[in-house]
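I have a structure here, written as structure tokens, and I will follow up with some questions on it.
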Amino acid sequence: MVHSIKLPIRAVGLSPGYIPPEEDEPLNHNISISIIEYSETDYLEKDQVSIKQCLDRLDTPSMTWIIVNGVSDTATVAYLGKQFKIHPLALEDIMNTGQRAKLDTYDNQVFIISRFLFHNEQTNTLSDEQVSIVFGPNYLICFLERDKDVFAPIKVRLRKPSSRFRKQGSDYLAYAILDVIVDCYLIVIERVDFDLDHLEEELVRSPKPQTLQKIRHAKRQMISLRKNIWPMRDVINRFQHLESNLVTANTQVYLRDVYDHTIQTIDMIEGFRDVVSGMVDVYLSNINIRMNEIMKVLTIVSTIFVPLTFITGIYGMNFDYMPELHYHWAYFTVLSLMALIAAGMVYSFYRRKWI
Amino acid sequence: MVHSIKLPIRAVGLSPGYIPPEEDEPLNHNISISIIEYSETDYLEKDQVSIKQCLDRLDTPSMTWIIVNGVSDTATVAYLGKQFKIHPLALEDIMNTGQRAKLDTYDNQVFIISRFLFHNEQTNTLSDEQVSIVFGPNYLICFLERDKDVFAPIKVRLRKPSSRFRKQGSDYLAYAILDVIVDCYLIVIERVDFDLDHLEEELVRSPKPQTLQKIRHAKRQMISLRKNIWPMRDVINRFQHLESNLVTANTQVYLRDVYDHTIQTIDMIEGFRDVVSGMVDVYLSNINIRMNEIMKVLTIVSTIFVPLTFITGIYGMNFDYMPELHYHWAYFTVLSLMALIAAGMVYSFYRRKWI
Amino acid sequence: MVHSIKLPIRAVGLSPGYIPPEEDEPLNHNISISIIEYSETDYLEKDQVSIKQCLDRLDTPSMTWIIVNGVSDTATVAYLGKQFKIHPLALEDIMNTGQRAKLDTYDNQVFIISRFLFHNEQTNTLSDEQVSIVFGPNYLICFLERDKDVFAPIKVRLRKPSSRFRKQGSDYLAYAILDVIVDCYLIVIERVDFDLDHLEEELVRSPKPQTLQKIRHAKRQMISLRKNIWPMRDVINRFQHLESNLVTANTQVYLRDVYDHTIQTIDMIEGFRDVVSGMVDVYLSNINIRMNEIMKVLTIVSTIFVPLTFITGIYGMNFDYMPELHYHWAYFTVLSLMALIAAGMVYSFYRRKWI
Amino acid sequence: MVHSIKLPIRAVGLSPGYIPPEEDEPLNHNISISIIEYSETDYLEKDQVSIKQCLDRLDTPSMTWIIVNGVSDTATVAYLGKQFKIHPLALEDIMNTGQRAKLDTYDNQVFIISRFLFHNEQTNTLSDEQVSIVFGPNYLICFLERDKDVFAPIKVRLRKPSSRFRKQGSDYLAYAILDVIVDCYLIVIERVDFDLDHLEEELVRSPKPQTLQKIRHAKRQMISLRKNIWPMRDVINRFQHLESNLVTANTQVYLRDVYDHTIQTIDMIEGFRDVVSGMVDVYLSNINIRMNEIMKVLTIVSTIFVPLTFITGIYGMNFDYMPELHYHWAYFTVLSLMALIAAGMVYSFYRRKWI
Amino acid sequence: MVHSIKLPIRAVGLSPGYIPPEEDEPLNHNISISIIEYSETDYLEKDQVSIKQCLDRLDTPSMTWIIVNGVSDTATVAYLGKQFKIHPLALEDIMNTGQRAKLDTYDNQVFIISRFLFHNEQTNTLSDEQVSIVFGPNYLICFLERDKDVFAPIKVRLRKPSSRFRKQGSDYLAYAILDVIVDCYLIVIERVDFDLDHLEEELVRSPKPQTLQKIRHAKRQMISLRKNIWPMRDVINRFQHLESNLVTANTQVYLRDVYDHTIQTIDMIEGFRDVVSGMVDVYLSNINIRMNEIMKVLTIVSTIFVPLTFITGIYGMNFDYMPELHYHWAYFTVLSLMALIAAGMVYSFYRRKWI
């Protein structure tokens, strides 16, 4: 469905940074906030914290990672944004999900919008969500559309006391999040690859009208993948070359790696596109081949029987003087003749490889 | 209609800055001018003002926003242009609507042509209009083709005494106008998206010859959208990076946001283009599939009845000696035989999945 | 015709700057030279002047504009070129018309080749001619292929004593010439637009085999337009940014305007290309739809009458024992039965929307 | 098979540089390591060495070339990487084969991933393998997926005591390896060229449904070739312009040569792509031409016999008063008439060039 | 034939600069060397000189132009290369013909590979050859694949004592050679243009299955032209902007001219490509139109006669009670009825414009 494109429309001309009031969800819908605080020596993880608790933690020298699950409670997010000194425009983008991936810098803050992709098993479609990241010297806040445990592997690594990770700053954490997101692209790609293989087999073995629908669905998926992943490439590239004291040289080396993975993903998608666009050709040629089959049958049957029927017509005429009619073996001679003609036809079709 | 492209032709070789005399509208057609003046403390809004009143206001230190509705009264616009010291080339572009979006700088004046898009409900087509903006240190003049209240939301914000807006200069006002225009793109896009969904359903359920017309209409719309919006991207990008004391760093941050929205719009249009171009394939394959259907019916009917008719032909011949004719049950035997042949045919079609 | 491309071949390996001897035109074919001289105060216009007169005028401080109509008299043009100190390579390009638009600078001289387009009403084709311009500090020489009064509007402006034009230098005159040429593009574009509209109507209402020829003709025109106008864009862009004391800042502002017009023209051509390439699809689908129509008629007629004919065949058989033949109302019963079958068929076609 | 794309997925979110445990191969699978040490005077070559022996050799002033065959024994490779001070990210890429070609620099080490292509005669497909190269001041380690003697020619040159090669550093050895790999591309290209020629002949002489499959297979090969070779171009280009004391000016000259070969390979692949995409057109038009053939036969037979059968039908009617029936020569007259009609039909088909 | 691409494969991994032993030509095949020496005052031209003689001439202050015809005698070329101090990589490229056009600089030597194109009248194909140029301060050596007098026009100009040419250095000679080569492109283009015109006429008047083969042949030629000429553009561009004391400003002006010609050639090829790719559409639509013709004939004949045959069938039935049979004028009434039906059908076809 084309409609699946989420349009980030705000009422025209409202002041930028305006937060649209929630309509389709209850206002008392709670945002759930988790906080993780870590330093080389300590590690603290707490779910369901209040905004107040978050703010207290921000002032500590240790790294503070705040995860906000759900961005639909506009008022809370707005309040949060104000407390964390997030620029109104960034805040607007966080709440109006469906943004293109991008990276903006505000004074001493980096703001990243990234697109997270996953394969929705129930609907058998690709879903995409927005993951917004704001980080400053010793804190990182990330906003998720829904409460999913996508960052579990990062937490596992942080929990290990000896982890190199704990010594790194907020830029490394941002890298780790992007790395997880890009790794998920590869999983999605693998799934798409698997589906395409199936589709291809169906196409060759038993193409149906629905097959074309499936091909178009696949095409649409490619468009969606491109739309989400291409901007990510730019984001990671800009992050890597960001001239800011917030990004260390060490992190830049790691970002180069994520960048390579993104390029690889894009390469594969481009390959898929070629494959899919070739499928339409195969489908159309299959239709043509079937038409040929049908025409052949029609032609063979008509070409054999129409002349024979003509012969029977001749001897069905009622002329007074038709000498052949009175010969004793005429009937069987004519039958044999017709058998011969039919055999000749069949042989000629055989030679043309129609049979 | 290709013809809907407005050609900004002036008579060949006339001096640049020449204003073509109006032909299809009465000369006494009045331009309506509105003026809005605001500063941190004051706000003044007045419709139907005279040029003289405008000029008086330009000298005040507060921001002056002049809105000229209608650019067809050439003489008045030319007079206005001269009074406001607008460069002749800019003035020419203002009057010859149908220009590509662009940004030019003249000494201490920035001149922007932008394209405003809206969906015309009566004709069910996209319409585009030219919005020309000229701004200097503390004034902004904008020229509209027709009297439409597109800037209402900006006025609402300006009327609030506490508005941040009131403290901003003419560059911020220019940004606000562009922001409204780009937001309107998204509304148009949503409408196009909706239409494409309908078209797609029609295409799959009941394609008619008109469907192809509709697809081509959609294709044409995409071309028109691209043609209007791509140059806007450049304009906003150049505005954002303009090296001029007329543009503050604060406004540049906001322009980045508008720029992102434009990119997003373009992304969607590109996606639509892919969707639309895929539709032609589907339509053609649908025609082919229908042809197949028709051929199948023809082939089935012919293949069953042509051989049977041949058999009836045999026993309709008038040979003297045809022993079968005289057997008592011959007629019913032949009838049964024909029923058997027909059944065999039907079974063979069933196995080929033609039935 | 592909052949309409003029190949600027000189004999291989001849020294550059070589002027090919005229073959298909008489040698005594006269070049006609006009001269216009103007300053703020004076204006002089003279047709059919001699080369000697031209040279005399070049030394005066006032602007001298020399128009050479016809470049086929090689010897004269070569002599002229030598007198005016035009570089041999430039001179070669002037005489071998069919060059790509380009801009070269030689010491204290700017050399521009531009392509002039017009719609030839007699042959209903686009024609293109080469307009070569050489200008230095206070003179401009332009070479036309044929004697056409394309620059009439410029002359009209120059004749007015009060004209701003008279105060400008040779760069402004070059701008004015390019402006006229680009304005003519728009006229050509309008004509093409008109033709495409007609073609489109023909395509939808009554496509014929010739229609495809017309579409291809239109496609070829687009290629030709692109080929001529794209290089003009570069030429004007380079002219605009030329680092030379021959080009004033004022002229550059005006050139920006011409540049915008060229871009607009190119935009439209790109739009036309999309329209034209869509036409082939429509044409092919029209052929397919007609085929469908034909097949439908065949299928309906065959499917109704073939079974009925089979029934008549049955009762035309000559078996001794066919009890139905002897029932009194059998004939009319069979007739009714056949009418029923036919009605059933018709209804089934109606339900499939074939009728 | 799309699936042939190897997806370098590591478990999402694991720490970068993580080595996935081998699952489908026995853990005691041995990596085989060869070592070659050379200087202007000496040459030493040893297979099946231990890691310990390698490390001892690294400290000597002579060039040390270590070849690791097989990267599936994760633990050993990881240990090796640690001993050779290879960056964890590089090590990860070495083990997760299926990477895009790339070049990264770490402090005093250059890391290159290159793609080696060869034609697998058994499966008649293109296979690709990853060759990873790490080199520092006087050593080069290269990792191969399988034990193949691809570098034999390099060894032959090194063994010659007088070889220029022996005096060169590790950058020249890296060049030599890339040169071998790019030369192999040309062999693959030649093979593809040969296959395409065969395919083309088949296409023109006797196209079958399988031909389309083969065309698609060829198309897929082109995609795969592009995917592997394009990034190599960038790698060699970057290597050539690397600002590092590890790369001498002499080697850069040689790299320019390899670069040219890569460009040439890419040129050929692009040419192949055009050829292959044209094949689909030919195939489809062949199907159409065959359909035409079939239709012609049907039409000729039907058009000749249907009218004749109608005539026999007329004289088969049982009206009491049909005067023709009683003329003596009527039968033969009608037969002659039918022969005439048939002849006329045949002639008309002949004139339309259907026969 | 795809195979016509010459693959410059050397045995994998051999030392660069390696010269492959000639296999298909006798070893005693002689290279023929010509020498031309010229200065402002003197001119010397000698064919069939020995290498020794060449070397003697190199030391003189006058310009020395050595033309080596045939590069298949590897040993001689290698010896020559060594004597003239040509870099081994350049020498390898000279001998392995089939290289892409390129320009490399070695110390005080410029090395250019250019592609020479000509139309082979016997095989009616485009042939391409490699012309390799090496020039230093006062000498230029050029290597041709075969002994052809392509440089005759240059010699003609050099022989004139008054020629400007004689005063120029080796860079101007290199320019002159490239100019000859690019002029030959235009001749080839003219020939291709001529062929395309013929092909187009054939396509419109009497398309045959071979026509598609010809179209594909033309397409292949375009690919080959592009492949050869595009790199030439880069070579000439780089030559023009070469920062080397070997290239004078004067020559650069002339190179600009050659560059323009190359661009023009490329423009034309791009135009041809569009034309050729449109031809496939026309061909396919022609097939479709013919199919339509065939279908129409079948449908008209069937639709007229099938119902009529049905009527004859009715009155051929043998029912006892068929009152119409006994009416005196029934037969003629039925005949008239059938004529009427046929006329109605024909009229309906006429209205549908099928006849």
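Lettered A, B, C, D and E in written order, each chain numbered from 1.
In this section, a contact is a pair of C-beta atoms (placed from the backbone, for glycine too) under 8 Å apart; a residue touches a chain by one contact, two chains touch by 3 or more.
As the structure is a prediction and not an experimental result, all values here were calculated from the model.
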> Which is the least count of steps on a path of touching chains running from chain C to chain D?
Replying inline: 2
> Can you list every chain that touches chain A and also touches chain D?
Replying inline: none
>> Between 0 and 180 degrees and rounded to the nearest 5, what angle rotates chain B's CA atoms onto those of chain D?
In response: 145
>> What's the distance between the Cα centroids of chain A and chain E, rounded to whole Å?
In response: 43
> Where the CA atoms of chain D average out and where those of chain E average out, how many Å apart are those spots?
Replying inline: 27
> Going by the touch rule set out above, which residues of chain D reach two or more other chains?
Replying inline: 284, 288, 291, 295, 298, 302, 306, 309, 313, 316-318, 322
>> Chain contact topology under the given definition, line, ring, star, complete or other?
In response: ring
> Ring order from chain D, via chain E next?
Replying inline: D, E, C, B, A
> Considering the complex alone, what residue numbers of chain E touch chain D?
Replying inline: 1-3, 5, 7-16, 87, 89, 92-93, 99-100, 102, 104, 106, 209, 212-213, 216, 219-220, 223-224, 227, 280, 283-284, 287-288, 290-291, 293-295, 297-298, 301-302, 305-306, 308-309, 312-313, 315-318, 322, 324-331, 334-335
> Across the complex, what residues on chain A touch chain D?
Replying inline: 151-154, 156-157, 163-165, 176, 179-180, 183-184, 186-187, 189-190, 193-194, 196-197, 200, 204, 253-254, 256-257, 260, 263-264, 267-268, 271-272, 274-275, 278, 281-282, 284-285, 288-289, 291-292, 295-296, 298-299, 302-303, 306-307, 309-310, 313-314, 316-322, 354
